[in-house]
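When the chains are written out, they are named A, B and C in that same order, and each has its own residue count from 1.
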Amino acid sequence: MAAAPEHRPTFAALSLGDRLARAAPFVLIPALVVLGYATIGSTSSWLTLTVSGLAMGMMIFIMASGLTLVFGLMDVINFGHGAFISVGAFVGVSVLIALGGWTGTPSLMLNIAAVLLAALAATTVTGALGWGFERVIVRPVYGAHLKQILVTVGGLIVIEQLIHVIWGPDEIFLTRPETLKGAITFAGAAMEKYRLLAVAVGLVLFVAMRLILTRTKIGLIVRAGVQNGEMVEALGYRLRLVFIGVFVAGSALAGLGGVMWGLYQEVITAGMGEEMMILVFIVVIIGGLGSVEGAFIGALLVGLLQNYVAFLEPKLALVSNIGLMTAILMWRPQGMLPVVKAK
Amino acid sequence: MTMHLLSGDRPRSVVLTVLLLAILAALALAPFLFPGVRSLETAARICIFIVLVASYDLLLGYTGIVSFAHTMFFGIGAYGVALGLTHMGSTPGAMLAGTLLGALAAAVLALAIGLFSLRVRAIFFAMITLAVASAVAVLVSQFSALTGGEDGLNYKIPRALTPAFRLGEVAGLKITGKVLNYYLVFFVSLALFLLLLRVVNSPFGRVLEAIRENEFRAEAIGYKVVWYRTIATCLSAAVAALAGSLFAIWLRYVGPDTTLSFEIMLDILLMVVIGGMGTMYGAVIGATIFVLAQNYLQALMGVAADATASLPLLPQLFDPDRWLLWLGLLFVLSVYFFPTGIVGRLRAGR
Amino acid sequence: MSDPVLSLRGVCTDIAQYHILQGVDLDVPRGGVTMLLGRNGVGKTTTLRTIIGHWQAREGTITFDGADITRLPVPARARAGIGFVPEDMGIFSDLTVEENMVLAAASGPLDPARRDWLFSVFPPLQTFWRSSAGTLSGGQKQMLSIARAMAEDRTLYLIDEPTKGLAPAIISTMAGALKELKAQGASILLVEQNFAVARALGDTVAIMDDGRIVWTGAMATLAGDAALQERLMGLSMEAH
């Protein structure tokens, strides 16, 4: 049997170029951080802003990761994703308020236990809600983008209004558990403890997600399914089940993001999910629809830029994200790390 | 003659024809038929929303793309007039200049958004318009020196359009500037609606529908899909801005809540879907029913909430502030079970 | 021959408003290679996609291994023992070659002995085991696509134009691999435009025209009858 001719040199060059192209977005984060340092001038302010930018970015990433995978897998765009953020926040905060005895004492153990319980309640409820949402709202409109957008927006409104019915029309203020209050000082910069925690949680989740996606078979199915769902099914995998799993997990993560965001802002409103959705969409678009890494980089860029700009020129903070999106889409119209769709 | 005005697009249903004629007659004679201040407000609002919804239908129903920035364009038109009248004095020239500049700004912004998002994926458009619209709403409330912020702007319109201006009596009705203002709204709305009807029945409109049905085939035949979609977006934005200008002239006030809020976006979506997407006449039916319902049903909900005050949960559900909950449910159900809307049903049941 | 592994009866498939398959009757005998031939656009690819379930048959029945699979979802058909190599190869290009193969073994971990056997059939897979599949050449992608179908024992292989656009040296690798597969006793339904390959591999032939099977018989019969070839396919094998 004749061996196939080898074309190794060509591949090596191609893959190097490919690798560089894929690496370029990762360089943007350090570049932005350095640029921030150069424009802000003061080391302590810069450090504080960087930590808070990273914290914000991590939380947005947690909210965005599910949405981007859901889109990648089944071509479903869920405008109702924001509802899970709000519901997660309300459920989690209700638990924290009910556990006021635990959060009010300066015991690290009790505080952490309360936060964990709140996160658990929030993810359970939003995961279940996601499961129902997929069945009732999303499933009947597969393959029809127009209807998907309309129906999921409708779902968002209904859930948001139900929050008002259950928790009343007003925003709820809360205080963080005792041991998560305050800041630690490092190199003259005050860094809020809670923000450091948010960064840590975000990093852990990102690494865990990466491991699942690259080391487990489910992860392989998800990554392969984002590229070519038809072929995954032809290999014998029930992509629908995997999709439902991802939808539920993504909703649960949105709920977790909601609790974390609520603790960050120390106030929650029914409309917070809708507001966050705008950042989430920006992140998902600039990251490349379907790409978890892209969403991660996008989220950190958005978080950092918004914090730097808010310091330099407060009124432009939200608009800065539109500027970022415009710039990135000019550079890469499909987003930073577009998923190669099989045609 | 009539057929020519309608660009050959018949209602194609007897019931629909009767309904449309009734709405036209009621709106044309509104100051005479319903002389109260509130009724005239309602009639003017219906006229303006018919145009706004019809311009959205050009996008959603005929081109098959979802935009969440339609209220933004509406708002740009409204603020255009408001700024014109505030800074250039309350003259018709200032009003006209504000109107035209607003429409132009809306079209240019739509062009930019369209070129950015539509060339990649139509679905980007929905997300990007949402982001841009929210950013603009934030900008408007932040730059309060120019826009009045959350409080909005009050301004004077040319005197001939105000209630203080009196012109005599016709058929027992005092013709004031307010009545003239109403007829300005009515005739401009009618003209804009007929213009949109012309657009969708032109060869351009046919191409849009072909693209909506099968993007790849349209592209294969040689139509530049992106350009057609972008032009439709610009046109739709400009007409929405004109509707906004009318609204600003009529209300003598603009604010973020009345012109830019996401709630108005939802109202528009609901009106299009209930009336019937891709029919133009659906905008007339949808806007009329919706505005009437909005004015009178919310009061009814208050009554229901009071009546059920002693029961659990129900009063919260019927609270007039929960109006959106029922709208949302109605919206989801309409998209599922009623996708062709009232006009589609009437035509099918002919 | 009395017990075909796969049979289609009166299968009609529509794509959008077009009637692509208009009553396909086809038996694939157990063991051996069945060639599905015909001009471009007569419905060969649609037939394969209807069998695996990517298109749903509007009418007719598909029986595989004695069971009616007409209404089964795609994954159930695959797990029943059908391997599918699509025309576009369906490579997961962001995954490595290894990951592609791990996924291909749907019922458990990839058997090392089987992997080594596949390495011997397709040596480049070993060379590029840890490379991203997107960086492979067209021929190597095709090898990976077939190797993926072979990652587990299947009763039936549906293979769509495995030699399309390949260099002659790679075509012979491909033909060798298919022979190997045939020697294992597998049943193969193969769409092929290269008649030299078709003649070398095929045992039986089904020829399609206009959404129907218009002729079935032994490869030897078709190969020996130039007039038949001319009539059925407008082409002569001898010309190749």
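By definition in this document, a contact is a pair of C-beta atoms (placed from the backbone, for glycine too) under 8 Å apart; a residue touches a chain by one contact, two chains touch by 3 or more.
All values reported here derive from a predicted model rather than from experimental measurement.
Trainee: Which chain's mean C-alpha position is the greatest distance from subunit B's?
Mentor: Centroid comparison gives C as the farthest chain from subunit B.
Trainee: Quick one: most central chain, C-alpha centroids?
Mentor: A
Trainee: Could you put a whole-Å number on the gap between the CA centroids of subunit A and subunit C?
Mentor: Their C-alpha centroids are separated by 42 Å.
Trainee: Between subunit B and subunit C, what is the separation of their C-alpha centroids in Å?
Mentor: Each chain reduced to its C-alpha mean, subunit B and subunit C end up 56 Å apart.
Trainee: Rounded to a whole Å, what is the gap between the Cα centroids of subunit A and subunit B?
Mentor: So the centre of subunit A lies 34 Å away from the centre of subunit B.
Trainee: In their complex, what parts of subunit A are in touch with subunit B?
Mentor: Interface residues on subunit A, with respect to subunit B: 77, 79, 137, 140-141, 145-147, 149-151, 153-158, 160-162, 164-165, 169, 274-275, 277-278, 281-282, 284-285, 289, 315, 318-319, 321-322, 325-326, 329, 333-334.
Trainee: Spell out the residues on subunit A that touch subunit C in their complex, using ranges where they run on.
Mentor: Spelled out, the residues of subunit A in touch with subunit C are 1-8, 10-11, 14-15, 18, 217, 220-221, 223-224, 227-228, 230-239, 339-340, 342-343.
Trainee: Would you tell me which residues of subunit C are touching subunit A in their complex?
Mentor: 52-54, 73-75, 78-79, 84, 86, 88, 90-95, 99-100, 102-104, 106-107, 121-124, 127-128, 131-132, 134-137, 139-140, 143, 148, 167, 169-170, 172-173, 176
Trainee: Could you pull out which subunit B residues touch subunit A in their complex?
Mentor: Touching subunit A: residues 60, 64, 66, 116-117, 119-124, 126-128, 130-132, 134-135, 138-139, 142-143, 262, 266, 269, 273, 313, 316-317, 321-322, 324-325, 327-329, 331-332, 335-336, 339 of subunit B.
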